[in-house]
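Just below is one structure, and these are the notes that go with it.
Labels for the chains are A, B, C and D, by order of writing; each one numbers its residues from 1.
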Amino acid sequence: MDDDSRQARWERRTEVPLSLASALFLAAYAVLVLGHTLPAVWRHVCLAAMLTAWALFGVDYAVRWGLSGQRLGFVRAHPVDTLALLLPLLRPLRIVKVYEAVQRHRGEPRLSLHARVVFYAGLSAALLGFAGSLAVYQQERGAPGASILTFGDSVWWTCTTLTTVGYGDVVPVTPMGRTIASVLMVCGLALLGAVTGSFSSWLLQVFAREDGNDGDDGNRGEKRPPGS
Amino acid sequence: MDDDSRQARWERRTEVPLSLASALFLAAYAVLVLGHTLPAVWRHVCLAAMLTAWALFGVDYAVRWGLSGQRLGFVRAHPVDTLALLLPLLRPLRIVKVYEAVQRHRGEPRLSLHARVVFYAGLSAALLGFAGSLAVYQQERGAPGASILTFGDSVWWTCTTLTTVGYGDVVPVTPMGRTIASVLMVCGLALLGAVTGSFSSWLLQVFAREDGNDGDDGNRGEKRPPGS
Amino acid sequence: MDDDSRQARWERRTEVPLSLASALFLAAYAVLVLGHTLPAVWRHVCLAAMLTAWALFGVDYAVRWGLSGQRLGFVRAHPVDTLALLLPLLRPLRIVKVYEAVQRHRGEPRLSLHARVVFYAGLSAALLGFAGSLAVYQQERGAPGASILTFGDSVWWTCTTLTTVGYGDVVPVTPMGRTIASVLMVCGLALLGAVTGSFSSWLLQVFAREDGNDGDDGNRGEKRPPGS
Amino acid sequence: MDDDSRQARWERRTEVPLSLASALFLAAYAVLVLGHTLPAVWRHVCLAAMLTAWALFGVDYAVRWGLSGQRLGFVRAHPVDTLALLLPLLRPLRIVKVYEAVQRHRGEPRLSLHARVVFYAGLSAALLGFAGSLAVYQQERGAPGASILTFGDSVWWTCTTLTTVGYGDVVPVTPMGRTIASVLMVCGLALLGAVTGSFSSWLLQVFAREDGNDGDDGNRGEKRPPGS
């Protein structure tokens, strides 16, 4: 019990710093990819920031592993964390958690369950799409026969991919770019499936509630409650 | 309570005029985009109609903000309204509400919940698609290297996009056209997700009800109720 | 009551003949489209068969309208029937109903609810796809710049369209072909949404039932019922 | 009853060997397709392994048919098994069952219902995609005008197809390749629909549970139970 609470305390305390580190990682990566005409010193600063953030993720992972008292079972029980350690670009998805923490702290009323799933999955998809655009742009830039020439092309490509429209006017051509694209497709498909599925449920709820309100108005005879 | 009822009264009274203004806005925009060979005076009339409608939306937004007694919280609490003020082409989605108001007024029996969601989401998608076709056509027309050359191309492109088929035979190439396309994709994905999700639920309901009816016929032994 | 039963009797008696007429219509259309090298006499026979079938649909629609005792309300209350009268290629979807009638007559055990929705929506999608392939092929054949050159191309195009994959290697280019394609996309999207949605629910059911069976085995300690 | 238990016993005993045969079939097929520069003797070994595995599937099917005591009804009652006999590349989906059997044997805690559906449908999609990539690559390799030139192209094409993105930069052009692609599309659509649908439900569950936990914390006033 005590061990569990130490883990929980660790997670609560590291939540905000780790999320800031995630944001820093993504921002530094963006500068590194987009600012390829910056003086070398800035690029080195960005690289250093990325490595520092990555090191923090590693330390957090190690501490949580240690606190868990598990062996290899920890790796298997936390597949998302392990994946996020290896692919730190997936980390920014944690920012979603911080947003919730901040909102909870302010005591603001929370959205309904479905609306929240729509919101978080949508936000995750946007962050994932931004990270994916950067990564694919970095791979494709300068590749022979590439159709993704500018970062704008890459963002456009990401939009068509995440929505599964897939025009094919701009596509990655390098093996690495295609690998990143495949990861993006699978993650995006699941996230956007969650968005549309929850949106659909939410819409049904809103319509169903509206029906209930109409009944309360009492000015439409068709479904008045028996006692009225 | 009184403040709330004043808000509700305002919304009830402005519902029809605002929807007419939305329809006017869309119609004037359509004439402006499609009738680019009309004499300048007609184009100015259309522009004036659009600006008038937009001003009405602004007045309505301001009055509701005032009646709400809130400060910036109002903007945050009504994200859809704020967005519709900035992008008045999304306004026509309100026509859906008017249709319902008219139908309710006539006292016609309403569709079942799922059928209504299918119907409204489908109608919204159609209106959104029409507005999107116009906007993309306006951006792409005359752009160098454009593949959307006629309004017919633009409508075809919208159909392939909203259904997420995305052949890619005609695609927007200008940055602005691609931005509009991305908004269209995301909105369309959510709406059509709602259409297919609700259609699926509705079909299940219909089949389930049919099963019940079959049981009432009493001529199939497999699932007769115990007392029969 | 009597009027209603006369309607019901009419529908029951015409079910099989009308479905045969639908199948005849589709078959004659297929011969007409695919057999464009047949001697003219055969083509005329096919055309005659199509027109006869269409006339039967019209007679059925008229009789049901008459029996209903309604005026224009009938048209509004039966949108699918009205549409199927105007677009008889959508008729073959009725064959699905006959299949069920035959199966019921034989007293065979029926599939579970979700499995049936998957089956019927899938069958409808296949019939719709076949009719759509024929119609698009007829429009595109011989059009300048067409990429759908053979019926095989058209079937391949239909597969990529109904699954919303949409490669864009073969696409309709004529206005009429694109209109048919749009109808196909929207219908197909709804049907396949129903297929995937129900398949997903069905899979969940199967897995849930399997869990229940495992519980009955009693050889896994984790979720034994309290009294065992 | 006894007959039924003999069937069940047969299925339990053959589960692991048949799955190994499925894996062997897929592995041999992969070597055959990818290793087209291997010496002929190796290719013959692979072919022999494939035929042996296929023969085993046939024997299993025949034994189960015999044990069932049914005539043609067996074929109709086991459509998936019949299909898997004709298209042994669909067999590897059985590996999923073995994974579960192994996990159950070890007594490991099982995932929640939705998580399991996501996992199994995802694993099935991956296996199906791998088998499909091989089959399409074999058909397209060396075809005139083919755009799928390497196995990497084929894998990339499979990713874009199964996620229904469908860029169309690489597409099958041979009739046989397109037939395989269509089967892949339909199966993939259903499987990935199951993945996204279940993922969406699972996410909703996770969020709903989290809400419950927040309520237990007791440190947020908004939704405390009345008696606290």
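One rule holds for everything that comes next: a residue touches a chain if its C-beta (ideal position, glycine included) is under 8 Å from a C-beta of that chain, and two chains touch if they have at least 3 such contacts.
The structure displayed is predicted, hence computed values, not measured ones.
Trainee: Name whichever of C-D and B-D has more C-beta pairs touching across its two chains.
Mentor: More contacting C-beta pairs are found at C-D.
Trainee: How many Å are there between the centre of subunit C and the centre of subunit D, using C-alpha atoms for each centre?
Mentor: 28
Trainee: Taking the mean of the CA coordinates per chain, how far is subunit B from subunit D in Å?
Mentor: Once rounded, the distance between the two centres reads 39 Å.
Trainee: Residues of subunit B touching 2+ other chains?
Mentor: As it turns out, subunit B has residues touching two or more other chains at 160, 164-168, 192, 196-197, 201.
Trainee: Between the chains shown, work out who touches whom and classify the graph as line, ring, star, complete or other.
Mentor: complete
Trainee: Write out the stretch or stretches of subunit A touching subunit D in their complex.
Mentor: Per the stated touch rule, the residues are 104, 107, 109-110, 113-114, 116-117, 120-121, 160-161, 164-168, 171, 173, 175, 178, 181-182, 185-186, 189-190, 192-194, 196-198, 201.
Trainee: List the residues on subunit A that touch subunit B in their complex, please.
Mentor: 152, 156, 159-160, 163-169, 192, 195-197, 199-201, 203-204, 207-208, 211, 214, 220, 222
Trainee: Quick check on the complex: what are the subunit B residues that touch subunit D?
Mentor: 164-168
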